[in-house]
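Labels run A, B, C and D following the written order; every chain starts at residue 1.
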């Protein structure tokens, strides 16, 4: 049997389905940002940005960019009616204090115990940068990860134990990949969905940690 | 559509059960959510732990709540006032437990809870009776006491204006503990004089973003005869 | 020789002279509050109140009281142009963070080493209350005390070692009494001024700790 | 009459000496006080320690300051960006020291300084390389790292409007680190687009009360060609 991995937009669309009405959500820079496009119009979801925005909206039309209205990815945004501005202290209190319902982060690796690596590859010549990743990992009530199932070279990104430096320990609740959806539980990694045509055995072969089939 | 203003006060307050820890905003009567407190009294719940700066004035609001017998313990900085006779009598009769906290440590411990900190070293109270038995440390030549966050199941606060997402602005010195209590409680219930449509509050002027507020109850402002 | 102790208003007037232009000042409840009346009109002094006011002004005219515009003593006040409101967290950050230039506090006792007692007499049947006293004592850059030199019973309030429970250790910088002005220094208690007709020996007799005559 | 707006930018900045620790506001270029930074470069001081979220973008502002060789060390959360080539080159050449701090700990440590706390237990970074060698503690079942306040001799920040007492309001996401840095520095210098008479700012809307601001310098807003 053959199968098609989800496109980046399809992963975003799938993750968007799990964001409930009224949720306060931080979408990490990069891939997770795409989720905003797929939030259903009949839901009100409050997007938070590290640099002091709550309830920001879509990018402005060309010509209406404001250099003082950007998100954490330094992209131009707009504000929704009912949005608010606040300083960095309050912004990170929203995370660290457990007020954000969900954050969605990218990942280099996710371990079977929910450890997340997404800030450093550990390469000796790399310039380290961490931003708000560690704060989001420990702070949000639910941490979702959105990632390709394997690296470009085909190496598993879901692993038994991290080989990259850790961002946050035991923090990941759910992983959305181009092949499946995985819940991180005390019993292990439970696959709740997978793309059509992909066998569980094949998925396990592409994964560096034992999976539990919970797709039935 | 998210509308945090839709439930009745009674419906909102009915979440509060025996033994709950409740922050109540206000400094004296300024910012005291008197109508929410009246609603709380009507619930007839017991064994409450109350966090407030004071321990009630006169016979209304917080004082009335104490008098109703609902409160097991109060955590505050300044219980003793000229008109705190309700508290005074309960305290002298051994019917209420008091945890006295310096006002700035009260504020700081509430902030620590809202900010998700595990504990903070604060200089206030070092060497005093109120720091007895607490861990201390000298940091850069100055002495500090380790204080733990004050969390709550509920915060009952009073603001001036809200929108349906729970964004709040306050009025003058009624702001006091409202913003930091809203950040520290699991469920924050705000009573407000006015509710405006979404967009009616300028995003630059919002003091408490709606993420910190779960329910809004409108209580039209009455010219108060309450003493400040 | 005979002497007249200063009245409460005269102590306030004397203390007011030492508050410089542009100072951020917290005046404790009770006696210190009187200082506000004697601040010279040509100076701009910023009065801070624990409950979230900066640059408040005189009491309102009768009929214009606002129950939501009170100071920490729960007295009705007004706001000056340029005043601001803030929450209790920021208000105590102003103290604890060393941003207030001066606080003026009442006292039960001041010790020779600058220890202050002003929150509890230690009486067993008293209901304890502390308010912001301990925060002001450790937080303001300069702590001034304003008090009668002795109790009503004639007992010294300036003492070698506190007998009342301490509010803050080594915190008092200067004491204004009805008889003199005392600087608390590493060398000891220096009397810099005393009322006319009062001999140093008589002042020392009324004081529970050694004084240094620095009035010349 | 207290007028914090009276001195020239040059006069105000001339207080800054070799070896000073300076907080610079801004997230990327939003809220970055570019003109104050240009003035700082003109001082030709050396061995500065800079605290900012980033390490400069492009060739202007903070990046230009780094390029001038004035900076010994930078404390930040996110130095590496697509346009951080100035920092990248200095760092790879071993010409600048980097202390990397998670963004929320950066904010929290700045807040701790402004609040007068001796240290705080924060959950962020526990178990990571950035907490190596730091004191940790398990409190109520959760792990925390002990972090110390970040203080500064000066804060250079950008706000929108000031009055002569130094009260400030900000504009949109340019607010970011401004209010907390103003609280943490010995001397805060704010550049603003507009100055209004006393009373021109509503006391309910002031974000940074003047107690946290020592000097205000007016820099008329220019429609910026800077990339955000």
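One rule holds for everything that comes next: a contact is a pair of C-beta atoms (placed from the backbone, for glycine too) under 8 Å apart; a residue touches a chain by one contact, two chains touch by 3 or more.
Computed from a predicted model, the values in this text were never measured in an experiment.
**Q** Determine the groups of chains connected by touching when chain C is not counted.
**A** one piece
**Q** How many steps does it take, at the fewest, to get from chain A to chain C if each step moves to a chain that touches the one before?
**A** 2
**Q** By mean C-alpha position, what chain is farthest away from chain A?
**A** Here the answer is chain C, farthest from chain A.
**Q** When the centre of a chain is set as the mean of its C-alpha atoms, what distance in Å lies between chain B and chain C?
**A** That gives a centre separation of 29 Å.
**Q** What's the distance between the Cα centroids of chain B and chain D, rounded to whole Å?
**A** Roughly 33 Å separates the two chain centres.
**Q** Please work out the Cα centroid separation of chain C and chain D, and write it as a whole number of Å.
**A** Result: the chain centres lie 35 Å from each other.
**Q** List, in ascending order, every residue of chain D touching at least 2 other chains.
**A** 108, 111, 115-117, 122-123, 170-172, 203-204
**Q** Indicate the residues of chain A shared as contacts by at least two other chains.
**A** 79, 85-86, 89, 92, 95-96, 139
**Q** Which chains touch which?
**A** Chains touch in the following pairs: A-B, A-D, B-C, B-D, C-D.
**Q** Mind pulling up the chain C residues that touch chain B in the complex?
**A** Touching chain B: residues 49-53, 65-72, 74-76, 79, 85-89, 91-92, 95-96, 120, 125-135, 138-139, 165-169 of chain C.
**Q** Within their complex, state which residues of chain C touch chain D.
**A** That would be residues 21-22, 24, 44, 46, 48, 54-55, 79, 81-86, 89-90, 92-100, 139 of chain C.
**Q** In their shared complex, at which residues does chain B touch chain C?
**A** Those residues of chain B that touch chain C are 27-31, 53, 77-81, 87-88, 91-92, 98, 100-108, 110-111, 122-130, 143, 170-180, 207, 224, 226-228.
**Q** If you look only at chain B, which of its residues touch chain D in the complex?
**A** Against chain D, the touching part of chain B is residues 108, 111-112, 115-123, 137, 139-140, 142, 144, 148, 169-172, 203-205.
**Q** Give every residue of chain D touching chain C within the complex, in rising order.
**A** Checking each residue of chain D against chain C gives 1-2, 113-117, 163-165, 167, 183-184, 198-199, 201, 203-204, 206, 209-212.
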